[in-house]
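Both complexes shown next keep subunit A, but they swap its partner, so subunit B is in the first and subunit C is in the second.
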Partner chain A sequence: MLRFDRVFRDGGGFDTLLVMLALGYLVVFSAFPLIYNVVMSFQEVDLFSLASFDRPFVGWDNYSEVMGERVFTPIFWNTVQFVGLSVFFQLTIGFGLALFFQQDFPGATWLRGLFLAGWILPGLVVGAVWGWILAGDFGVLNYVLQSLGLIEGKIFWLSDPSVSLYSGIIANIWLGIPFNMILLSVGLAAIPADVYEAAELDGASRLHRFLTITLPLMRAQLGAVISLGVIFTLQQFDLFAALTRGGPSNASNVLQYWAWQLSFEEYRIGQGSVVSVLMILFVVIVAFVYVRSTRNEHAG
Partner chain B sequence: MLAKNLWTRWVLLAVALVMVGFYLFPVYWMYITALKTNTETFQNPPTFWPHDPQFRFAEVWVKYGLDSYIKNSAIIAAGTVALVVILGTGCAYALARVRSVWMDLVLFTVLMMQVLPSSLMITPIFVAYNQVGMMDWPRTGVVLAQAAKVLPLYIVLVRAAFTQIPKELEEAALVDGNSRMGAFLFIAVPLARNGIMVTAILIFMQSLGEYVYARSLITDRALQPATVGLQFLTGPNASDWSGIMTYSAIYVTPILILFVALQRKIVSGLTSGALK
Partner chain C sequence: MIIQRLLTSAAFAVAAVPALAETVTIDLWTIDRPGEYHYVMAEEFMKANPDIIVNVRSVQFEDMVNDLARAVSTGDAPDVTYIDNPEVALFASRGLLLDMKPMIDKSSVIKPDQIYPGPLASVTYEGGIYGIPRGANTIALYYNADMYKAAGLDPDNPPKTWDELYAAAKALTKPEENIYGLAFSAVGTEEGTFQFLPWLQMAGGDFNNVNTPGAVTALNLWKQFIDEGLASPDTLIRGQWDSTGTFNAGSAAMSISGPWELPRMSEEAKFDYRVALLPAPSADAPRASALGEGDNVILANTDQPEAAFKFVEYMYSQMPRVWNEFGYMPAYPVDVADPKHAAAYAVFVESMKYARNRGPHAEWPKISKAVQDAIQSTLTGQAPAEQALADAQAKIDGVLGQ
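Moving on to the complex of A and B:
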């Protein structure tokens, strides 16, 4: 008893209480849904059995049904393309901007911060604005591209099945650039200036310095930014809701939007859960790698 | 870096301004379109400056029922922030102060919870809400779910703020006979208030833009937030673009003003916590 008392007075108990408050909440509203999702993916859940506590288990039926969908493969590859292209361009453009704003000129920090305005806007608004820019007949992008002589006819970014996925990718790249840039700026600022000065005295060129100093020293940072990019890109839902709603006929659909459609438009909730489970599994693996790598870096 | 002469510095500034302008073009286009008349909106070639600026804000506000949408967005965001601050501040503090295997594990769990996509969590939340009768209070349901979504980010960022406060101040308070609770509430929290405020504002702005939960849980139009209202207007068949852009402008202007005013603090708060 004495020991218990001491623990509480000296702080262990107090800290535990504070942590449990938040952790308890997360268990109820995050961990429980996570597990419940897995359970539902093995059940038959539709509009009628929604509120029931006694739903039939169907084994792997939902899984085989989802995998057997004709649209599963195209939507899967759309998702791969969406993530791959988004992350690649967010990273390269963000890295380029971070390097540029690393230079010493008046207002550099403040101007760099302005980029985050894009990140702070609600996804729905970003989607709406890009929808207007990309609009087929009166969109400003088509006008600019035509004036520059880059395209002949108009591109119907939102309604042409061969390009509609790119409307989401373009808007998502725009949305992700600031975050990539800011995080990479932090990494660049941490590289000591004298390393560069020494290399410059040795006669290393700008490109050589970038390849032999910046890139290797930024490796951990780049890894973290790429994992975060993948995670955020897989969270992207609002842009699809505002731009194409997955259409036309799933041409621009991705797994995270399809999962929602299955549950909330077709009421095939068991199957919606299957897609969610698979996606969450993937996200958690990426997050695990990310958290592990930043923890190690921090300790080392 | 070597000292640069004045001339290069100004050239770099000019290039930077062009890049910022280029990047923020969509924001500019939103405002410009909002000011155009309907005929000018669909003019070809498009005008990059409105010939006859119209302030249709009041008209759009009434036409699309923005008062109820904006009010609901504000309620959801305020509720989320209140809940997150109450639940998360103590946890962030404990995580900043105590170093143990258990706390590392908690931090790890919190970081993992941060990445769960709303669009995938909504299915189980929706079904569970139906089972326990939570669908009768859909706005509260959205607040509860959104709080769980943003709580980890809040904890991570506020924890970074607490780690910057010297421990000695609290220890002195404890010696003076303060309780742990007193030292936390009256010493640590006031010292970390900047970090807490900025993070709370960040959470507020993020929750103002919440869409997935509101769209899936709230069916009554009178309770829906501005994102859901906007979504009804957009899509491949949208037509009233000038109205949509006016709607967007009304909705995001307060967010943008708040952001520009607090820009420096938001950026430093974000970078201090994001990679630790």
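Moving on to the complex of A and C:
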């Protein structure tokens, strides 16, 4: 007993306990659901066999069924576009704004803080607001564009299958910019001012300073922001629920929303799990990049 | 396993306590909020039966199926609950609902042959009766009589056939004033199926036979409404409530929806609105209409079947009140003294006679999804109606063949 007590106080016991706590949390709340999801993707699951493990295994049937769906390919490419375009524009616009607010002008920090207002709004609310903006017949955006003489007829942002995905992307970009900007602002603030001063004395132009000082020193933050951006974008569910429900005719459907539709609208929970597993694989790759980029940060 | 057994025995222990005190407790789940139907019913029933306590719990409409399935598998399901009518077969087929037929046969209150055929079919599964409709609803054609007059149409003679509906929609559409001829919903959810199924049924098809010439005609007519600008393209992503909102605002001259619109319409619509039966393919074609609203069901593993059935009986007996107090159509013919929205009520009562069930089938959500996909891919121009319906038929055959 005494020995245990000593180990606990002075030795590695306490460290082990802390590690076990964190590990236990991860096992219960992350690893278990992940594994459960993978198991379900190989089983025939419906709503009424959710609680028991005793379900028929069907091998790769669920996988071939999901991949064989005619909508699989379009939904996959929609997801690629959704993630790619969202992250690209969130990053470039967010980075641009971060650089802008790095300038010293009155109210810069206040204005930067205001940008966060958009980010703290729940996705459903953002979806509802964008729904009003993008509505076809009486939407704000159509009204503005028509008043400016930019378009003649109305654009049915949400119900025209050739544009509905991009409406979702636009709303998601708006939603992600503040987060990108704040994280990148923090990174920018950490770059010592004297580096820039020295470069300026040596005659480096603004563009030169950006390319040779800002970008290399921001590498870790950029990597982190891109990885988190990809993960958040793959999580984006509420926007679709509020804007288009993946429609019309799957034109704006993405994997994460489809997984939900399969599981909870059609009760094909095994197949829904397959889609989740595919997304997990992708997120694991992205998470790996994220971990690498933050590790470099410590090393550098 | 052990945990489950412990939980069950604990549940028995809890249930045993009120039995000793000679009062019985039944749990009721509902999609209502306090003050609405089930809360009122529970309160009145408890007053009349002091030995029975009804615990009411609200569940979101969209969550009902999921929550119920989870509750059944963890062993804490309610005794009585509300289920939307297409889902009765889903639960009944898995043996989760109590077959009330033996009790109904002895009942002096519930007489199944009174109930309209549509609502009765929705609770019947393989010869058993697994639920009692708490009411019903259906759809019909709302139209703006003022716009009819302005367009030179006769407001006392609303469209009776699909051709007349098309002609009226065309005459009423005024793009320069942002007015569409018709509002309806072709959204890719259960609501889309709800709206399309009567069209399919009037043209001779049904959920198990969607690839018919009549269905092709119906779907092409829907496409025409949208392609020619007689209905908003947003019809594809908008439910019935929002679509009828545009009618109330004067942006659509007609709207296909149900009686649940009337309270809002009587407040918002500043014009002479009227209701007509859903137009049919031709004057002599059989009529059909959608069937909505849900049922009071008893779970199979209830430990208080008598008390639960008594409560269901009580709710059934209150049918004459549902229209004026709660806004549902009665599920069997009753005399409603001084009905609200009398003219519209008369049309909906007539329409109830033609209301047909969705299914019933234990895999209804999958069938419904196939129908939604056919509607959406035709209306977006991704596939011609013939091909979209053939695809849907193939999927439905797959489900039915299981």
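The criterion applied here is as follows: the second predicted complex is superposed on the first by the 271 of 300 C-alpha atoms of A that agree within 3 Å, B and C clash if a C-alpha of one lies under 4 Å from a C-alpha of the other, contacts with A are read in each partner's own complex, and residues count from 1 in each chain.
Rule of thumb we're sticking to: a residue touches a chain if its C-beta (ideal position, glycine included) is under 8 Å from a C-beta of that chain, and two chains touch if they have at least 3 such contacts.
Note that the structure is a prediction, hence the values are computed from the model and not measured.
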item	value
Which of subunit B and subunit C A:L121 touches, first, second, both or neither	first
Which superposed partner A:P248 touches (first subunit B, second subunit C, both, neither)	both
Touched partner set for A:L158, first subunit B, second subunit C, both or neither	both
Partner chain(s) touched by A:W174 [first = subunit B, second = subunit C, both, neither]	first
Touched partner set for A:E266, first subunit B, second subunit C, both or neither	second
Partner chain in contact with A:Q103 - subunit B first, subunit C second, else both or neither	first
Subunit B versus subunit C, judged by how many residues of subunit A each one touches	B
Touched partner set for A:L234, first subunit B, second subunit C, both or neither	first
Partner chain(s) touched by A:L50 [first = subunit B, second = subunit C, both, neither]	both
Subunit B and subunit C footprints on subunit A, overlapping residues	50-52, 135, 137-138, 158-159, 244-245, 247-248, 264
Subunit A to subunit B touching residues, read off their complex	9, 11-12, 14-19, 21-23, 25-26, 28-34, 36-37, 40, 45, 50-53, 97, 100-101, 103-118, 120-133, 135, 137-138, 140, 143, 147, 158-159, 174, 177, 182-183, 185-187, 193, 196-197, 200, 221, 224, 231, 234-235, 237-238, 241-245, 247-248, 256-257, 259-260, 263-264, 269, 272-273, 275-276, 279-280, 283-284, 286-288, 291, 294-295, 298
Of all residues in subunit A, those that touch subunit C in their complex	47-52, 135-138, 156, 158-161, 164, 244-251, 264-268
Residues of subunit B that touch subunit A when the two form their complex	1-2, 4, 8-10, 12-13, 15-17, 19-20, 23-24, 26-27, 29-30, 33, 41-42, 44-46, 87-88, 90-91, 93-95, 97-98, 103, 106, 108-128, 130-131, 144-145, 147-149, 151-152, 155, 180-181, 184, 205, 208-209, 211-212, 215-216, 227, 230-231, 233-236, 238, 241, 244-245, 248, 251-252, 255-256, 259-260, 263-264, 266-267, 270-271, 274-276
For the subunit C and subunit A complex, residues of the former touching the latter	65-66, 69-70, 72-74, 94, 96, 178, 187-189, 232-238, 246, 251, 365-366, 369, 373, 376-377, 379-382
